[in-house]
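Order of writing sets the labels: A, B, C and D. Residues in every chain begin at 1.
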Amino acid sequence: MPVDVDAVVLSNARLSPDYNVLALAAPDIAIRAKPGQFVMVKPGRGDHPLLRRPFSVFEVLRDTGGVTGLSLLNKRIGVTTRTLFGLEPGAAVRCLGPLGRPFSPAAPPERAWMVAGGVGLAPFHGLAAALRARGVESTLFYGARSAGELFRLDAFRRLGVRLALATDDGSRGDHGRVTLPLERALRRLDPAVPLRLYACGPTPMMRAVTNLADAHGRRTEVSLEQVMGCGLGGCYSCVVPIRRGGEAPRFVRSCLDGPVFDGGTVVWDGLGAG
Amino acid sequence: MPVDVDAVVLSNARLSPDYNVLALAAPDIAIRAKPGQFVMVKPGRGDHPLLRRPFSVFEVLRDTGGVTGLSLLNKRIGVTTRTLFGLEPGAAVRCLGPLGRPFSPAAPPERAWMVAGGVGLAPFHGLAAALRARGVESTLFYGARSAGELFRLDAFRRLGVRLALATDDGSRGDHGRVTLPLERALRRLDPAVPLRLYACGPTPMMRAVTNLADAHGRRTEVSLEQVMGCGLGGCYSCVVPIRRGGEAPRFVRSCLDGPVFDGGTVVWDGLGAG
Amino acid sequence: MSVDLSVNIGGGLTLANPFIAASGCFGYGVEYAGVVDLGALGAVAVKGLFLDEREGHPPERIVETPSGMLNAIGLQGIGVRRFVAEKLPRLRECGAVVIVNICGSSIEEYAEVARILDGAEGVAAIELNISCPNIEKGGMMFGSSLRGTHDVVAAVRRVTRLPLIPKLTPNVTDVASFAVAARDAGADAVSLVNTFLAMAIDVETRRPRLSNVVGGLSGPAIRPIAVRMVHECRQAVSLPLIGMGGIMNAEDALEFIIAGATAVQVGTANFVDPFIWKKLLAGLTGYLRRHGLAGLTDVIGSLELPARNAPCA
Amino acid sequence: MSVDLSVNIGGGLTLANPFIAASGCFGYGVEYAGVVDLGALGAVAVKGLFLDEREGHPPERIVETPSGMLNAIGLQGIGVRRFVAEKLPRLRECGAVVIVNICGSSIEEYAEVARILDGAEGVAAIELNISCPNIEKGGMMFGSSLRGTHDVVAAVRRVTRLPLIPKLTPNVTDVASFAVAARDAGADAVSLVNTFLAMAIDVETRRPRLSNVVGGLSGPAIRPIAVRMVHECRQAVSLPLIGMGGIMNAEDALEFIIAGATAVQVGTANFVDPFIWKKLLAGLTGYLRRHGLAGLTDVIGSLELPARNAPCA
């Protein structure tokens, strides 16, 4: 069951002019959050903005006494993300969660490849930790605009994750899309080695990853970013057209049935303009 | 001409759980403000709350280099005053002014009696300073709920103002309304001594002062607190019924023709519920 | 002092308190069973149902606006039969008082949906959605004509004895005349308002923000208009009114109740705070205590109008 | 790159830019002469004028609501004759393009006011206020009936050649039909919207917050509804439309312009920021530059509607 807490900001680490990591004292949520789940956040009271916004749980925070909270990897794009960028420790943020259907973590001997674009990195810290706990060999394919926007690489390395990087400007890793190193790796991998992919990032990127993986006979779990009004199944705003079995596509609520979906079931053309 | 500045909060002195004095770096306004004039203030951007709120200029702030800003005496009653109470130094407040028609300061040998109720003290610091500069003998009749809400008495004493106090709970000065000491003083004063009264506070108090003074043949300038949408004469929200000469009462805009009016011209029954 | 929050919303239906989850803002209720004690609500109005399943509009389906939001969900739904089979039993288990919001593309469809519900166990009342701005056929088509309103209500009235509550659209010149038409056709109460037809444009792409171009505006932005409409209807009919539009807290609810609403629905606010219900109850109870009132019925329609006086007193 | 902001709002009237101060929100314009360069505005719509002086309603006349405000000023004003004698000369001096908003309790009064303005020097256009929610007689009475709208517009058309701009009320079921009626009666353009009839209640006293009980809602809260109405009118008539309702910045103005408005009015925002006009101009110019457009006319009505597709693509 999700809970709603008035979480105090523990710290706000600004990573770049657009990205920050906001640590929130929400242990009751953190302790239950599974990789890929999200929270619905509202930084201020009052009507402006009115609605909460969905954010992946980035890290589960711990000290010697146990779980102390969670963090969000936030990218400034509009009114709420701007506020979250600017918050100082001590401020309060309403935080409802954990919500949604998590990733299904691979199990050995299956390998796990995570493919992140930009802020799509957010759900993978938790997933990487879960994979490590299960002893799954994992790789993060991570694309960003430039080297300065490739964040927290060390944290992933510490979790034993191999890294394959790409930047739009070529300042680090492959010059171009994250699908470049991914495609190379897919081609190289022995088709007999069991592998599962996870993707989170811009819709076209998740679509490309799903198709690429599919061409190599691999399945991808994607974490979609639909606009969400409630996060609890109440409003039907967050739907995604999903085709299951041979049936016609159906709009399913990504706050309940997602945000993680089998990429192969997503009818990509039917997603919103985003 | 009024100007609009994004004024930085220089300090915020909390005087009680409801009152504070907010110092704003708005020298361009302060330098031109006359006693009784007001500013239209909006602490946040955005639509909530939407409109500015009117505040008297409390003090004109100076250092050795000259005028540095102005202060507001603020009382928490709703959304904007609550925000103004909570602001920290460095925050910005949009501030438009100076606006409205000021008091007409007495000149010797005329004496000046200021009658303040609660936050109605606000316009009198500036008036007291102007009166002192003109060498006018002045007294402040000041009523509040309790001794703890009689603010800045020293500042007025330093301006040579005599004080006559009253509190609702009798914790200081007369026990009851500020009209108690006022009435006593009016009765005692030689009718031949020229005197002008100024009143600011709750509407019933200003009305009582006007009537009391009138009964003793004295005129009162009152500073009315109408709800104001614009402060510039644009919206016609702030009207007060004024009877001039023998004519029928007319609604006049208190942001342009006031907030200071000759109390004897105000049709008190026609003021809003407040 | 104990206070009585119960209200009678007509057709013999008494609610333990006036707070109803608004249709379309609470799924089928069951989605909230883990978060909210459904039995503690006055009632739950479930998402609008047609006879058959519907897919609704493609995303984007919502967009935020100043103190409000637009939605163009397009009444995606599982159809009344699946609702009765799959959701109603669970709602009964939870002790929910269930108001079923129904839609139709024709009068026959409305009547058919109502007939099915009339035979189902656990339906407390039918809310007749003749006011949805988000579908091409039906919905507001009926609700924005007096004739259409009368005919749909009368047709449904013939097939069910369940309390019947037409839900009025605010997108009309004179909402009170629609309340009158609904009453004359046999309604037990009316609820108002549904959303205001509205739109938002992305100026960078010069495209509508909603896939359906237009959508319905809800939330605090519309509250003052909705309160006025309740006030107008109160003066035109003596039916119980169920008011809604931008209620975010007990004080907002009281505006509607004082204006004449017997009960209120809460939609958009529930998205912001799914735990709002306890706060609403506490706020209302506190108000009654503070004002020394024994029951909510003392507040309903208690608006004191000023004696009309000369402009310049 | 220089951009052309000028627009033709009908009746031969070209404005240097599309930004007009909304009636009732800018006094008689002269109040702002010290703050704003009146000649730099597209036009100034002055406060609604009757034939004679009016006192308006007692306070409280305004109340703030979520992202909006209610007003019930009651059209206090100095009457058209004093306006012509006392205000018009000063407005001319300031180089203002003056649109005079006129009211009446009868068709004859509207016509009489228009006749007086027709003979005055310095009136650029007449805006016909048939939509004020704040007076008992006249105003919305005409504006909420197609017949009334047609008759008032036709009567005023007969007495003046000045550009004639009826101002429509949003408090109707089908605003586009009113635009059609106005056009058929000889209007040169229509402006929309006036305020939404609304009310707010003080729950502690259980009294209306406005002395007049109801008032008109303006500000950002109404913007999505107003934009939708401009969009609807654009599809029904080819007259120039003057859009308004909650415009706070250039982007908001662009929503209206993209939806089909040739010019826009700014009311409530001017209370918040009397220096808004320069910001609006800068914002609009910046937009055109950024999008590589030579003139505003390229933007008017440029909304791209989606091809209607099956709900589930």
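Quick notes on this one:
The definition used in the following text is that contacts are C-beta pairs under 8 Å (C-beta built on N, C-alpha and C of every residue); 3 or more make two chains touch, one makes a residue touch a chain.
Values in this document were obtained by computation on a predicted structure and should not be read as measured data.
Judged by contacting C-beta pairs, the busier of the interfaces A-C and B-C is A-C.
Separating the CA-averaged centres of chain C and chain D is a span of 33 Å.
Each chain gets one centre point, the mean of its Cα atoms, and the points for chain A and chain C are 36 Å apart. Chain B and chain C have Cα centroids lying 47 Å from one another. Our note on geometry: chain A versus chain B, Cα centroid distance of 56 Å, whole angstroms.
Annotation for chain C: residues 55-56, 58, 66-68, 205, 207, 211, 219-220, 311-313 touch two or more other chains.
For chain B, residues that reach two or more other chains under the stated contact definition are 47-48, 241, 250-251, 270. Taken chain by chain, the contacts link every pair, so each chain touches all the others. Those residues of chain D lying in contact with chain B across their complex are 24-27, 31-32, 34-35, 47, 55-56, 58-64, 66-69, 71, 73, 76, 205, 207, 211, 219-220, 248, 268, 270-275. Chain B meets chain C in the complex at residues 47-48, 241, 248-251, 267, 269-270. Partner chain D is touched in their complex by these residues of chain B: 1-2, 4, 42, 47-52, 94, 96, 226-227, 229-230, 232-241, 250-251, 256, 270-273.
Looking at the complex, you find that chain B touches chain A at residues 46-48.
The part of chain C that touches chain B in the complex is made up of residues 66-67, 311-313.
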